[in-house]
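The next block holds one structure in the form of structure tokens; read it before the comments.
Per-chain residue numbering starts at 1, and chain names A, B, C and D are given in the order in which the chains are listed.
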């Protein structure tokens, strides 16, 4: 990896003809920002690049690095076992939990099998099955969100991508055990929200969460995909923005340099956050828990009246 | 052969006062027929878009509708601007153009005497998009159902979440579904009527989780856009892909009901609610 | 249709060389029995022929002839709309009900689309969805059973035929509205039972209900499919036998000549039976209803201890 | 090269005291290895059938198992005779051969200290078939779970319903599932362990509706028979059709566990039960 210093030297050279190298300068600025990671000064577009960083921890990293005794459970009991969503029993600092998350995969082969973490309806139905299982076992649910979005393919439409996500939104509102959701990388639209309805919703500091990808938004509203950095600013997908909008309850500071540069530090920060949220939630009676969850999501939105 | 039975009205005989082109089959049809059938093409059965008030007019008993929460209108939580201007201006324009304050009209009324709560989306208002205001109105409608033990009917017509409100528009999916969840727990029926088009964040939230999902014929019902999918799978898609009929075949729609029969059938279905 | 008299004349002729015409004689005897229909003297094998009679009323006949205001509801909300199981709201003598049944189809094309009433997992899941819908609406469930069995194909195994039927057995035990099941034609094994767990289980007098087809049983235990008539006797699949074994609560006498010879009479007999069973069931509180249903099925079986 | 590493033991060196053929891969393996691994082939990982008592021995803590309802045995409700004789004779023979009175052994015990109720089917007893007696024992086991709030584990090994008991054998599917339904309502975990083979009426009842469905590797798990299906679809079926691995891929099995790890993993899973 090129050092920040070298990148800055390159930038200085390009800055001599800023008009000529407009795109290169922007890219280089992003790269410098990413190489710094986790610092407040990142633009929304830069944060998106960090959130998508190829070395960022994926689900399996969390499961092995942060949880113990993971027992993976497969299948939706309907059609398939969609590997783009992974889940099972695990321990977290002495607590028994059901952990469920998007799995982008590590190797090329895994990435292919998992459609880079873009789930089919089967994946959302598997997630719901595991959540109901957690309810039966009386243990809390931890979800880790990291997806560009639900898979936009023929199969998905055929088997009811829309219905599968919608059904999860309904049922997650009813689940009688605590649910803590954390966006750990990309929180892409309905595909993220499909496992994102919780008593507490958190974000890692360099993760993003958005109704549409910056590229998609730029394509529609600017009719120019290359305006993604501008759209990103407008969409305000960063953790800080979401905290202000009261969509997330807590932002978890990643180690300086970003999650990809310090797995252990990231796991430690996330573990601490989850556990500190979990303990009070476990004391709430089930009926009150779902009532509070309903009220939490009822309160989201800003409108005039 | 009389002139009106000729296959195509010639330019000479075409009068915009009497004739119009069907937006789907592009055949010439009498304006009067189009209006009398509530915007259903007599040639190809295309179900045109209705405004919320037109829908309420043909669905609820006369004078029975009482609007709820009519004063809710969009804010601009992100101070959003795109290449064509500001979200604020867009909403002002939409309000002026439609006479509505949001993309949904909600209220109570009766259908052949049976009391219901309804939410009717209007595609004219920023493509029927799901915003904070729209979500709030739908949630309040379902809360009203919950409190009064009345069946809820939502007529969807939407291009999806309103991205100008960023993450808040996404959260309306969870918010509206949380309202539906409460109805489920209390066994209050929720009928979802999907009309053309019902896509994106609306299809992926309240629209597809009705106790009974009803669609108008030929409506576009989709999660992802056709073009996105074609790019993903590098194949042409079947012609009826993402239509009401396609979704019925794949198990997601209970029944397709022609507009002319919608009110009668809704009443019939509701009459089975025993509590 | 050939008259009984003509058939008997034919039989007399064959009986001159009974060894030579063994098979023909058996077939002709069946045919005579069927043409008489509904009489006590039918053998098990003959009753099976009546139950399978091509002119016997099918689901759509019942729905139009016996029920009113049928509103068909489609789909399993997962994968497809399996037409081999049909269902929807309807009225029966003033009662609002959900009616669900196997649909063998009437025309050649319908029979093909419906796999002659042999359902896929999707069909069983659709049935369960409609039962849960009936529960939400607070109305009783009437099922009409008429299938050779669940469809034994690749698709079915792939999508979990076994799980779909099993799931229905579990959930039908939990449904909190009255369920009345009637075998109206063939009650074939798990495919029949998949919509057959009710507070009352009834059979039309010429219907059959069996753990395996007579042909299948003969193939396995006699290693000779042509021994089906013998296997049929041994399996005791007739309504009378099932009543004795306390597997069914009531046998509904078909009009003389059998259901296929008198639709109106059949519908009237079934309507009367369903309504008379339904009214007392509607008065039972939901928790007591499911408790009694549990006890009913708990009591089935004969063993030594 | 030493004789024991030769690819095949020659006839001369083959001794039935020491060697045996794997029932699956037909390779020669040491009898001792086969027994030590509890009938798992060291060459091909084939998981051979265990008797109910062998299964109990390797699953429950020593001396912890207490049998329940051991006196239940088959009646002959239909007075059933087939070409090879009477059902009565068949059951007597099975009882004599196996020392069991029915196709399932039920009871309570502990797994690394955790209390459970278990039902273990034995394929030797009329192909592990589901009869009135078998159904009754399984129902009573689930009732015991229900009354004592203990997790239930059923090890299935069955060719399906016992047709010699006619319709009564079919009804055991509903009966056992009604028992599982009650556990569900009380949120008592039910683990289903599917072993080779689990087919027909057992696969279509309690075996596939576990809160967690566990399978041993390579087990045949099927609703309809392979031959029946091939006749229906007139095509060859994939090699792994209806195996544990196939069902995992199609979403019906939570996890495949090797026999050598079964006890440990069952304990791990049960330890997550919080109540």
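In the analysis below, contacts are C-beta pairs under 8 Å (C-beta built on N, C-alpha and C of every residue); 3 or more make two chains touch, one makes a residue touch a chain.
Owing to the predicted nature of the structure, the values given are computational and were not obtained by experimental measurement.
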item: For chain A and chain B, chains touching each; value: C
item: Remotest chain, chain D as reference, centres from CA atoms; value: B
item: Mean-CA-position distance for chain C and chain A (Å); value: 51
item: Interchain centroid distance [CA atoms averaged], chain B/chain C, Å; value: 42
item: Rounded Å distance between chain C and chain D, as computed from the means of their C-alpha atoms; value: 31
item: Multi-chain contact residues (two or more partners), chain A; value: 77-79, 159-160, 163, 167
item: Touching two or more other chains - residues of chain D; value: 184, 250-252
item: Graph class of chain-chain contacts, one of line, ring, star, complete, other; value: other
item: Touching chain combinations (by label order); value: A-B, A-C, A-D, B-C, C-D
item: Footprint of chain C on chain D - complex, ascending; value: 69, 71-75, 77-78, 80-84, 102, 131-133, 135-136, 139, 161, 163, 165-175, 177-182, 184-185, 200-201, 203-209, 221-225, 228-229, 232-233, 235, 237, 241-242, 250-252
item: Chain D-facing residues of chain C, complex; value: 150-154, 156-163, 165-167, 169-174, 189-190, 193-194, 196-197, 209-212, 217, 220-224, 227, 231, 234-237, 241-242, 245, 247, 293-294, 297-298, 300-305
item: Sites on chain A touched by chain D in the complex; value: 69, 71-81, 89, 96, 122, 126, 133, 135-139
item: Residue ranges of chain D touching chain A (in the complex, touch as defined); value: 184, 187, 189, 211-212, 248-255, 265, 268-269, 271-275
item: Partner chain A, residues of chain C touching it in the complex; value: 77-79, 125, 159-160, 163
